[in-house]
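You will see chain A twice below: alongside chain B first, and alongside chain C after that.
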Partner chain A sequence: MGNYIGKNEKRVEDPRFIQGKGRYVANLSLPDMAYVAILRSPHAHAKINSINTDAAKAMDGVIDVFVGQDLIDGGVGQMPVIWQLPENKVPVRWPLTPDKVRHVGDSVAAVVAEDAYIARDALDLIKVDYEILPATTGAEATTGDGKPLVHDEIENNISYTWGLGDKDACDKAFEEADHVIEVDIENQRLIPNAMEPRACAAQWTASTEEMTVWTTSQNPHIIRFGLSAVTLPEIPEHKLRVISPDVGGGFGSKIFHYPEEIILPWVAKRVNRPVKWVATRSESFMTDSQGRDHVQHCKMAVTKDGTITGLHVELYADMGAYLSSIAPLIPTVICITLFSGLYKIPGIWGHTTGTLTNTVPVDAYRGAGRPEASFLLERLVDMAAKELGMDPIEFRRKNFIPKDEFPYQTPVAFLYDSGDYHAMMDKAEENAGYAEMRKNQEDARKEGRLVGIGVCGAVEASGYGPAATVGALGFYGGMWEHGAIRVHPTGRVTAFTGSHSHGQGHETTFAQIIADKLGIDVADVDVVHGDTDLVTQGMGTYGSRSAAVGGEALVNAATEIRNKLVELAAHLLEASVDDIVYDDENGKVYVKGVEDKAKTFGELAFAAYSGHSLPEGMDPGLEEAAYYNPGNFTFPCSAHIVQVEVDKDTGETTIQRYVAIEDCGNVINPMIVEGQILGGIVQGIGQALFEHGIYDESGQLVTGSMLDYTMPRADNLPMIESDRTETPSPSNSLGVKGVGEMGTISSTPAVVNAVVDALTDYDVTHIDMPLTSEKIWNIINSNGG
Partner chain B sequence: MQPSKFEYRKASTLDEAVSLGGGEADYLAGGHSLIPAMKLRLSEPSTLVDISGIGDLKGISRDGDTIKIGALTTHSEVASSGVVNDGCAALADAAGMIGDPQVRNRGTIGGNVAHADPASDYPGILVALGATIVTTGRSTAAEDFFTGLFETALGEGEIVTEVQVPATGDGTGAAYSKFFNPASRYAVVGVGAVVTKSGGTCESCRIGVTGASDHAYRATAAEEALSGSDLGDEAIAAAAAKVADGGEMMSDLSASAQYRAHLCSVMASRAISEAASRA
Partner chain C sequence: MKLEREYCIDQPIDLVWDSILNPDLLAEILPGCKSLTALSDNHYKAEIEIKVGPVKGAYTSELTISDIRPPSGYHFEVRGIGTKGHMSGGGDIALTEKDGLTVLSFCAEGNVSGILARVGQRLIEAAGKKLMDQGFNNFQEKMAEGAYA
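What follows is the complex of A and B.
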């Protein structure tokens, strides 16, 4: 045990954030900077007959105006899809659409002007002759006969189909089942709404032919690769620097390669001025990739003693108007692989149809496919328990994978690394005082109050992911991570990570890891990320991968530093390497049994750089770089118990208690882990009760602002009672599992289960989200009770 | 977000403001309705006449049974004012339910009534209280002031200078009950009720409704039903059920017309019960 891992170190990034001194892309100001505004389509589907930019170009202060064809003629590439499925049809997508708009917000033209106001004014002077076409919406409905085609070449608006599981075992389970539980679920469209809107800036240095791009990305190295390899090939990778400085939240929506990341550098080179674009909140609503949006036809086979034997899911996933960067992954590989949940289910079959509609593209959003899986599973489990008259916790326990069966091979590809689901649920039950809770619920019911208790248990695959596995499943890159440690001659350390922090606190936690591995003061470690010139390589942050993959890369680098120091110390202390003890509690290296024959970390660092006396063959200096390619994913899990009360008069739901147990293996910083869990839970509650990206039939986004799109707020919540069990992951040396998404994956079904439980007397088994007060009131009002 | 180009003029007196106002100009008070609208270019005034520095429009005082609130008084000043809490707690309650702390610290009562957003809180409670809106030209009863969707009795260039509210006397209680729009926190429905009791019965009452219809209205049918009743649960429910009668229910994302009508009766029951218990 070191001095820092497992301790609540305060976040070193917070002083600058809470003082308003963060360094965001929008804060960037460069000499002679010009501003870009983008003309967005007001229509969901329309042919562009012509675009007249004359008046805009003639406006005072306008530098230039570009349309889609200008960029195509100027050598940009099509927007790539970097996770593809066999035989998927990839629609053509350009950074500015040249011929047709396919969703409200689709990008049509870019204005460059002396300031942001002029750029915005000039948008009104661009005349686009649109021929409005009928639009198509609805994940499943869009495949119907006679529906307008989003892309003429993609029949029935079906981009791909993909299935996983053992069909025969599944069929057999349903043939032999005593009970078949069925439900159709609409897992609604969500709009991520990171607090910081997307922004991009670019600077062209003509003299050296170098381009710098600043972008609000979760993975700047991937953006650099995408630009130089595909979308902006005129700038080769070694001449391109991509910087993602402080980023104010992403939740997945900032993983993807966006049109503005191509438009801005392309424009910067053409006008030979630094340029900047910052999204308005309205633009965020209509251009940031959105989340979820499935129609799921689900059934579960159960025997009369309460054993789950089969799961069958036919799923339609709305991809929006184009395939965003990794969109095909989300409702397929990352979703169906979790259909086993915490349970032993022999016969599982899941099948997805990815469809196109005239809506904003859909891609990963916190949880990304896993909440969609846990929601349907945990709803079915709850419905099954109810049908069998079993307590929902008892029913779950009966089907849990026992702890002595790990590693556990599910029928849907994954090998779960470790877990103790019974212990986790026991702790949830105990912390909630579940028996007492149920008794109180009985009493409340007698008074006519609608109190409900919801339970959920879920697992997720995090720490994405083993390079060969993700490659075999469709990813174009590897999902390893890079880390480097540079020890300065004074013994201070700068660490470089390819992970990217946009709220996760890596500057704190990664410093804790390194300080422990090297036996130094945490304050002596600085963590650098988000700049492709400073950090050699990186895969970025998503899929709850930073600690398990990025952290391990730094562990590898630290190990190499240690090895060098041991060798150097042996030389300086005139001992054999085998007799050297690296004391990482006290930051010194000594000869076994002779503790005062020692060198401090700082002394050794200086010796490494002075080079006055080095072992034979050792080069001066003290810096090491390493890669880490995980051997498996990690499988965190959680158990949540929620109590709600529904107001009979208005249909409003109040969450009265929220008890959460997460198991994310070993914990580096409990405070930061809890922050991730709380944030995740709240986001999941948002989906359960409030959030809904609604498009009308003409494809207009009806919830296009904060006036209509309901985000969860502090006063919607009780104090969340969060706690942990710790089952270390055998997949990595730190024993850690991802934690960024677990809260979201469990809280959504937990809350819906609770509300359905509250409405037991109203003859309802499932309610589609969000559970708005009007929807609930309608149930109360029409089902009479 | 970039608004269209506009001129900015700061008025230091009411006369100066009036002379600068009218036409394509718009007054700027707290800016919490106007500036968001300008950023979305839903509002494009040629000139902003900033009235926020006019001292005469600020402050809260009591003159006999009348509470006088200057147009520039912020929502948080109303919510925390001793004069308002003593004389008419329901108004302070309503002010405290507006938006969030930032909105309450900037938004003003004059701007709120002048803007006449159908989902605003003040209109409902002011109609119930029988408040008077005083402007540079005249005094108008609140129930006559709100005339339509974002429409008021204000003429061109006319400025709201003060809102006058009768203090609730002995035997009278008032309350405001609001169903919050979960996204915007404006009122899906807000009902203000003023109940005057004599013995156990309701001698008279006034009920004002906001959020439900395109503008705030008095629910006269419900008032009639409640007056003379024993203020028991049944009487309150019967009167509350008539609250939606007074207006044409709006229908939008936050509530269908049917649900809104239902919320009118729930919010009215709650407001009436509370008002009766305060009387």
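What follows is the complex of A and C.
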């Protein structure tokens, strides 16, 4: 144990954030900057007969107006889909659509003007002759006969189908089952709503033919690659710099390559001025890729002693009007692979149909496929326990994978690295005072109060991921990470990571790792990320991968630095490398037993740069870089116990207690980890109780503002009692597992299980989310209330 | 969205009937209608503006009246295109006599797209009812003054 890993270092990011001094894309101001506004379709589905931009172009202060065909003629490429499944039908998508709009918010034209207000006003002067077409909505309904086609060339609006598991073993389990639990679930559409809306800016330097793009991205290097290789080939990769400075929340929605990232640099070059676009909240609602939206037909096979033997899921996933960058991954590879949950289930089969509708595209959103898996599984588990008359914790325990069976190969591809699910659930039970909780529930019920207790246990695959594995499963890139450490001649350190922090606190945690690995003061380490000119390469941040993959790349770079320092110290101290001791506590390097003649980290750094006396063959300087490709994913897990009370008169749910145990392996900064867990839990509660992106039959988004889309607020929430168990991951040297998504993955089913438990007397086994008071009130009042 | 209203008018039914075929009056009672110009018999050009809180949609629309049954009612259809989307709807106006008064019932259904759909849909019905009530008050006052006689 070093000086910093495992300690609550305060976030070095916070002073600038809490003072309003963050450096966001929207804050960027460049001399002679012009502003872009984008015309969005009001229709879910319409043919564009013509676009007249004359009046807009003639408006005072308007510099130019561009339509889809202008960009196509000007050499832009189609929007790429970088995770594809076998026989995946990929719809054509341009940055500005030239011929047809396919969802409300589809991009039609771009105005560039002297200021942002003129640009927006000019949108009203663009006359588009739309021929309105019937729209199609509904993940499963859209595949029906006679439904309008979102893309004429894609039959039945089916983009792909994909299955995983052992179908025979699954069928056998159901043939032999004593109980078959069935449920149809609608896992509703969610709208991400990061606090910072998306923004993009671009600057063209004609004299050197260099382009700089600022974008609110979770992965600037991937955006640079996408632009130079596919969507904006006129700017080669070595002439293109992509910067993602401070980014105010992503939750997955800022992974993807968005049209504005192409439009802005393309326009900047055409008008030869720097340009900027910042989304309005309304634009965020209709252009940020959204989340979830599954229809799932599920059944579970159980024997009479309470052993789960089979799981069968047929699911339909709404992809929206186009495939967003990695959309096909979400309801397939990343989802079905978690159908085993924390349990030994011999027969699992999952099958997904990815469908197209006239709605905003759907892609990864916090948890990304794993909440959809944990929700159906944990609902079925709860329903099974109830049918068998078993306590939900007892039922889960009976089916847990025992700790001595790790690494555990599931029937759905994954090799779980480590876990102690029994210990985790024991701690949850103990922290909640579960027995007492149940007794109080009985007492409350006797008084006619609707108190419910919900339990959930879940696992996720994080630390995405081994390059060959993700490649075999459909990803066009690798999911390694890059890290570099530059020690300056004074011994201060600048570290470069390809991970991107948009709230995760990498500048703090990565500095803690490096400070410990080099035995130096954490304040002597600066972490740089989010700039393709400064950071050599990177895969970015998503899939709870930063610590396990990005952190490990920095560990490897630090190890190289140490090796060089040991060699240098051996030379300077005239000793054998084998006799050199590197003191982790203070970075001093000395010959075993001769501590008083130690060289400090700073002295060695200076010696490396002076180059006056180096071992034979050693180059001057002290800078190392590493690429780290993980050998396996990491598998964090959690157990949540929730107590709710439902108001009989209003149907309103109040969460009275929330007990959460997370196991994300070793912890680098407990305070940051807890922050991630709390945020994740709240986002999951948001899905369970409040949030719902609703489209009407004509494809209009009727929850297109904060007025109609309910986000969870502080007064909706209890104090969350968060705690941990720590089962180190054998997948990386730090022993860490992902933590960014675990809270969300577990909290959604935990809360729904609690509400269903509260409504035991009303003959209800499942309620689709969100559990609004209206929905609950109707259940109470239609079932003998 | 659906809009159903009923108004009691202290005027004879024949006079009310004549009035609701008068474009100026129709402009008064159709929620959000700013002006109405006859294009041909029973076919009008309408400028319609729907405003819900800070959100506004302006539509150049065509209004067609059909199934005319003097003096008991008619059917109408309206379809409009604006810069921020489109609107369409249709409904019936029916007149009946009751205790010497004329009861006008208005029943319509419609759809909007664009920003009003995203931001204001939940509030449109309430706003529409308010607009209609105001329109009818104006109408009644004007009828009482003999404006449409």
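We take it that the second predicted complex is superposed on the first by the 784 of 785 C-alpha atoms of A that agree within 3 Å, B and C clash if a C-alpha of one lies under 4 Å from a C-alpha of the other, contacts with A are read in each partner's own complex, and residues count from 1 in each chain.
Everything below uses one rule, namely that a contact is a pair of C-beta atoms (placed from the backbone, for glycine too) under 8 Å apart; a residue touches a chain by one contact, two chains touch by 3 or more.
Please read these numbers as outputs of a predicted model, since none were measured by experiment.
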First (chain B), second (chain C), both or neither touched by A:A754: neither
Contacts of A:V313 with chain B and chain C, given as first, second, both or neither: neither
First (chain B), second (chain C), both or neither touched by A:S282: both
Which of chain B and chain C A:H43 touches, first, second, both or neither: second
Contacts of A:V362 with chain B and chain C, given as first, second, both or neither: neither
Which of chain B and chain C A:W777 touches, first, second, both or neither: first
Which superposed partner A:V702 touches (first chain B, second chain C, both, neither): both
Common interface positions of chain A, toward chain B and toward chain C: 282, 702-703, 707-708
Chain C contact footprint on chain A (complex, rising order): 42-44, 104, 123-124, 127, 130, 132, 282, 285-286, 696, 698, 700-705, 707-708
Touch list for chain C against partner chain A, complex: 81, 83-86, 111-115, 117-119, 121-122
Residues of chain B defined as touching chain A within the complex: 1-2, 4-5, 39-40, 179, 182-184, 253-256, 259, 262-263, 266
Contact set on chain A toward chain B in their complex: 116-117, 119-121, 280-282, 649-650, 690, 694, 702-703, 706-711, 716, 772-774, 777-778, 781
